[in-house]
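Dropping the structures in below, format is structure tokens.
Common to both upcoming complexes is subunit A, partnered first by subunit B, then by subunit C.
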Partner chain A sequence: MHTFAELTIVFIILMDLALAVTGSLSSCIRLVALQGVVAGVLPLLAGHGAPHLRAVAFAAVIISLKGVIFPWLLMRARDRSGAGKDVEPLISYPASIMLCLGAFIASSWLGSRLPLPEANVAWIVPASLATIFTGFLLITTRRKAITQVLGYLVIENGIYIFGLALFVEQPMMVELAILLDVFVAVFVMGIAIFHISREFDHIDTAELSELSDWRRGEYGK
Partner chain B sequence: MEIVKTLFQFLAAALLAPLLPGVINRVKAFFAGRRGQPLGQLYYDLFKLLLKTPVYSRTTTWVFKAGPIIGVASLVTALALLPFAGRPSFFAFEGDFIFLIYLLGLARFATVLAALDTGSAFEGMGASREMQFAVFAEPAFFLGLAALARVTGQPSLAGMFGALTGDTWRTAAPVLALLTASFFIVLLAENSRVPADDPNTHLELTMIHEAMVLDHSGPDLAFILYGASLKLWLFGALICSTVLPRHTGSWASDSALFLLMMFGVAAGVGIVESVIARLRLTKVPFMLITAFAFSALALIFQMGR
Partner chain C sequence: MTQALLLLPLAAGLAAFLIRGDGARRTLLVWTARLHFLLAALVIYDAVSGGRVSALLPPAGEAVWFSFDSLGLLFLGVTSLLFLGASHYAVNYLASEKRDPGEDSDEGFIFNNAPEAVFTGCLLLFLSAMTAVTASRHMGLLWASVEATTLLSAPLIYFHRHKRSLEATWKYLLICSVGIALALMGNLFLGAAGLKSGAGLDLKALLLSAGALDKPLLKAAFLFLFVGYGTKMGIAPFHTWLPDAHSEAPAVVSALLSGALLNCAFLGILRVSAVCASAGLADFTGGIMVLFGLFSVVTAALFMLGQRDYKRLLAYSSIEHMGIMAMGAGLGGGAVFAALLGALSHSLAKAGLFFTSGMVLAAEKTKRIADVKGLWRRAPRTAALWLAGFFLITGTPPSGVFLAKFIILKEALALKHYWLAGTFLVFLAILFAGMARIFISMTFGERDAKPDEKPFEEQSGMLAPAAAFFVCVILAGLYLPDWLQSLLAGAAANVGGRP
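Then we have the complex of A and B:
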């Protein structure tokens, strides 16, 4: 049974690599959604015996939120802000994939050093750390504001998988609170992106580095 | 008795290898709604070419004549290392997978030198591309074989594929699946198959492998074509032995299953060629970096197990 869980973990890591090389914004959104869905299914595979009704219901909530509502919100934000089709990375795609691989090596070393309880599925800690790193990579090396939301979601996926390494079933209240936070965050970020693009005609974060009404160069005029 | 069997395995591989391109072409023809060339077309071509007198340009030296011979000789040697249906070959020794990679490198080196010896601009271009893609393909292949050696704990090809069983798939399924994917991508790139190169185009500007052999003729071209089919057989056999590590115990049924799987792999290559378009030349390294990433992941997975 755990072979399936292990294959799922591999699938999640491959999606991290795919996120690092995907050049199209809409397929990035779809990949993040798919990763969220796969991570949501993971506790059902990793547990012992038949899952409880509570776990199934919770997985259903996660899947509908991450697989349907978030992509819809993000697609809407993309269309409304006129973000275009490309993710516009600051570093080349091969460099991204090499960074991702390096992150995986580092996180497998870190995962073997962390004093954690014995996880019942191999690779769950390195995979979660690598996913968190991929989220940071998306936030730091992509130019558009919408990819920062995507990176945030990827980090959330990573943290969720990391939680699975500790408890197969997390306390319900904690998880619901986190999900609510993420939902509100994506909602607010979608609105913020829309407002940024309406105010400045673009969502290029490189242009948003100064706290000023003027762009650089226009200041002294 | 064993030595007869291993010799028979070697001969079967050497004789059946030119059938694989035929299978690929038939599958492609089926997808395009054509009847396609006969399955044994490469045999007819080889026979025809072997009877012809080669033509040599006056600018070429002995390097040009030696290229195809060294190429085919190193590939035949590589074939002698290769296990057949999980059974060791007569030439197997410890650490022979490194020798295998060097033999493939030697074949490539000889072909590239012969191409440069012609002094033709197209051949130089083809040689440069071949080397550029080899830089990405070889680490992927080497890391893949290293991961396989690590999974099975065996330092020879025969040991690796002999130790692979259905149980290995149960315990190390992610690693083996990643390796299969990586080997398949390397197969497509190394044999100049579609996403990397189109074997049907004869436009020198876009060709990779074919551009290097434009000046060869007669028996030399036959050696090169035969070497290419041996290379296809070699990579196909590695994939088959990884995917289908069944040992039924009987030599005949193992071999029959293996041959069936080989034609399955060839059909798979044909399907890939029929359904996807070729990549832009600058994107080919991305594909090979993906294969490298798969191999590296498989190795990391295995190391931390």
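Then we have the complex of A and C:
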């Protein structure tokens, strides 16, 4: 069973790297969805013996949310906002992948330094930290509002995997409350993207810069 | 009771989305607020009168999702009182927004408002989420409730539908959601710290088994939770969303964000620092809170000096007060009591000031400080409140804010933190001078003649909540009744790690 889980971890790391170099917005959305689904399946693979009914039900909720509903919402936001096909990074793709690799090396070092309980799946802690870094990379170095939402979801995936690594089992109600929050977050952000595209004729967040302390006060005068 | 407090605004909020008539919906808003306040007052009275705060809590070993300790009750009371004032302000505000359609105060374009049903519904759901924050007895649930407050308040900031409010909403959503995601990491570390003792994330279990928690993991948990909730609370340097959101949201929403929401995030930090304190890490957490608290005061002072927008000015003043509260909680001892008193006084004074800023905006049609002069000629009662609010918020005696700042300074000196006390005092003086210049020129300056200006009608319904809050702040500075004193002392004991 564990070899499967370890293969999954490798898969997750590869998806981080792929996210750093993918230039097509719809591929990015699919990659994030796939990563979410893989992360959702992971606890079933990593557990001992036959999975618990509760775990299966929970995995089903996660997979349908991250694999079906989120990509659907995001694709819809992309189409309705006329976002175009490209990711439009602020830095070049080679730079993105170098940063991502750097993050992975730093995560492996950090993972070995953290005084965490021994994980039963190798590389799970570095993989989760690298995923979180990749999420931050997407948020900070991509222009479009939609890629920032994707970054948020990647961070969320990373934190979820990190939680698996630490064996922190939260009660079902709390897990569901967290998922509900993430769902509403994506939903609200999707609506906001739609409004941004209508109000500004683009969803380029680098242009959202009217509010600041120093240049402010001159508008309209 | 606890369930009623949570479910009442939830049900009313959902109903508000469905109600067609504006009148009926506004009535629902005000009466829900009144009922919520009544329930909160009953719970607090019941707990304080019999010294039964501890009796409200579940017996050891039993996990309960929602329940109140003194700390939760204090923040519940503040939130509920604030919402009561805000609801009365809001119905008048909504009525006046319906009468004259929105014209942007700064750029002059015409914009629409969000549907009133959505606004009212989100307001009520926001109250429900904040109540859940104050009542949560489980760190995971606390996290979920704090994130819910972000999501439910985002549509409120985007009530005036134009570019700048949208930009503010987007920054708020993204920065706070990512910040709060870090707090989720913190929760995971906290859970890992308690794996051996089997504490889980239940607050009481964590407090009782604090000695057995894994110390390095607990420190990591505190750092992540501090950065996460600190982002939401507006601790510098994680505060960047705050001035934008506060300046673009309608005044009533700014008041709720500043007075109630920031407190909720502060509560999250206090909860984890209580766990750390009972694990013997009070020095570690205290040091971090004092450092970032002082940094917030300094940042706020520097950004306030060149400020051109009076709502942003108030937002920076909130950052200052969050810093003071974090400092107080970090110093420990009597300063914790002062930090909580400061939270109470700041909430009321700042909400009153934001209400008044809405009136200033309505009277002068601009948020630029330089364009508002001689306010007292155009709107004398608003001007009086504006000036009174300034004195109260900067901590001029008799004000609860003064008492809080004074005790924190005294404690810092008693602990021989002379540099800290000195820096704190210098920047408080800078803040006072900077704000005084602005408020006095706005109130008394020589008014430019505008011949075609229509006379401005000051609505008593919108002035009354601010006036009432200011009276409360003065009373808090003059005399703390026994029940409030015991509530504050109980809450301070909770912060110190008593379950």
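By our rule, the second predicted complex is superposed on the first by the 208 of 221 C-alpha atoms of A that agree within 3 Å, B and C clash if a C-alpha of one lies under 4 Å from a C-alpha of the other, contacts with A are read in each partner's own complex, and residues count from 1 in each chain.
One rule holds for everything that comes next: a residue touches a chain if its C-beta (ideal position, glycine included) is under 8 Å from a C-beta of that chain, and two chains touch if they have at least 3 such contacts.
Because the structure is predicted, anything quoted here is derived from the model rather than measured.
> Given the superposition on subunit A, are subunit B and subunit C in a clash or a fit?
fit
> For A:97, decide between first (touching subunit B), second (touching subunit C), both and neither.
Only subunit B; A:97 stays clear of subunit C.
> On the A-aligned overlay, A:126 touches which partner chain: subunit B = first, subunit C = second, or both, or neither?
In the superposed model, A:126 contacts subunit B only, not subunit C.
> After the superposition on chain A, what angle is formed at the C-alpha centre of subunit A by the C-alpha centres of subunit B and subunit C, rounded to the nearest 10 degrees?
An angle of 150 degrees, rounded.
> By the touch definition at the top of the document, which applies to A:68: first (subunit B), second (subunit C), both, or neither?
Touch status of A:68: no partner.
> Once the shared chain is lined up, is A:3 touching subunit B (first), subunit C (second), both, or neither of them?
first
> Just to be sure I read the superposition right, which of the two partners does A:57 touch: subunit B = first, subunit C = second, or both, or neither?
neither
> Between subunit C and subunit B, which one touches more residues of subunit A when both complexes sit on the common chain A?
Touching more residues of subunit A than the other partner does is C.
> Just to confirm the geometry: in the superposition, how small does the C-alpha gap between subunit B and subunit C get, in angstrom?
Checking C-alpha atoms only, subunit B sits 21 Å from subunit C at its nearest point.
> Which residues of subunit B touch subunit A once you look at their complex with the stated criterion?
Touching subunit A from subunit B are residues 170-171, 173-174, 177-178, 285-286, 289-290, 293, 296-297, 300-301, 303-305.
> Could you please specify the touching residues of subunit A with respect to subunit B in the complex?
Counting only subunit A, the residues touching subunit B are 3, 6-7, 9-10, 13-14, 17, 21, 93-94, 97-98, 100-101, 104-105, 108, 111-112, 122-123, 126.
> Which residues of subunit C touch subunit A once you look at their complex with the stated criterion?
It comes out as residues 65, 106-108, 138, 140-141, 143-144, 147-148, 151, 154-155, 158, 161-164, 166-171, 173-174, 177-178, 181, 184-185, 187-189, 191-192, 195, 200-201, 214, 216-217, 220, 243-244, 247-248, 303, 306-309, 312, 368, 370.
> Using the touch definition up top, name the residues of subunit A that touch subunit C in the complex.
Per the touch definition, subunit A meets subunit C at residues 114-117, 132, 136, 139, 145, 148, 152, 155-156, 159, 162-163, 166-171, 173-175, 177-178, 180-181, 184-185, 188-189, 192, 195-196, 199-200, 205, 208-211, 213-214, 216-217, 219-220.
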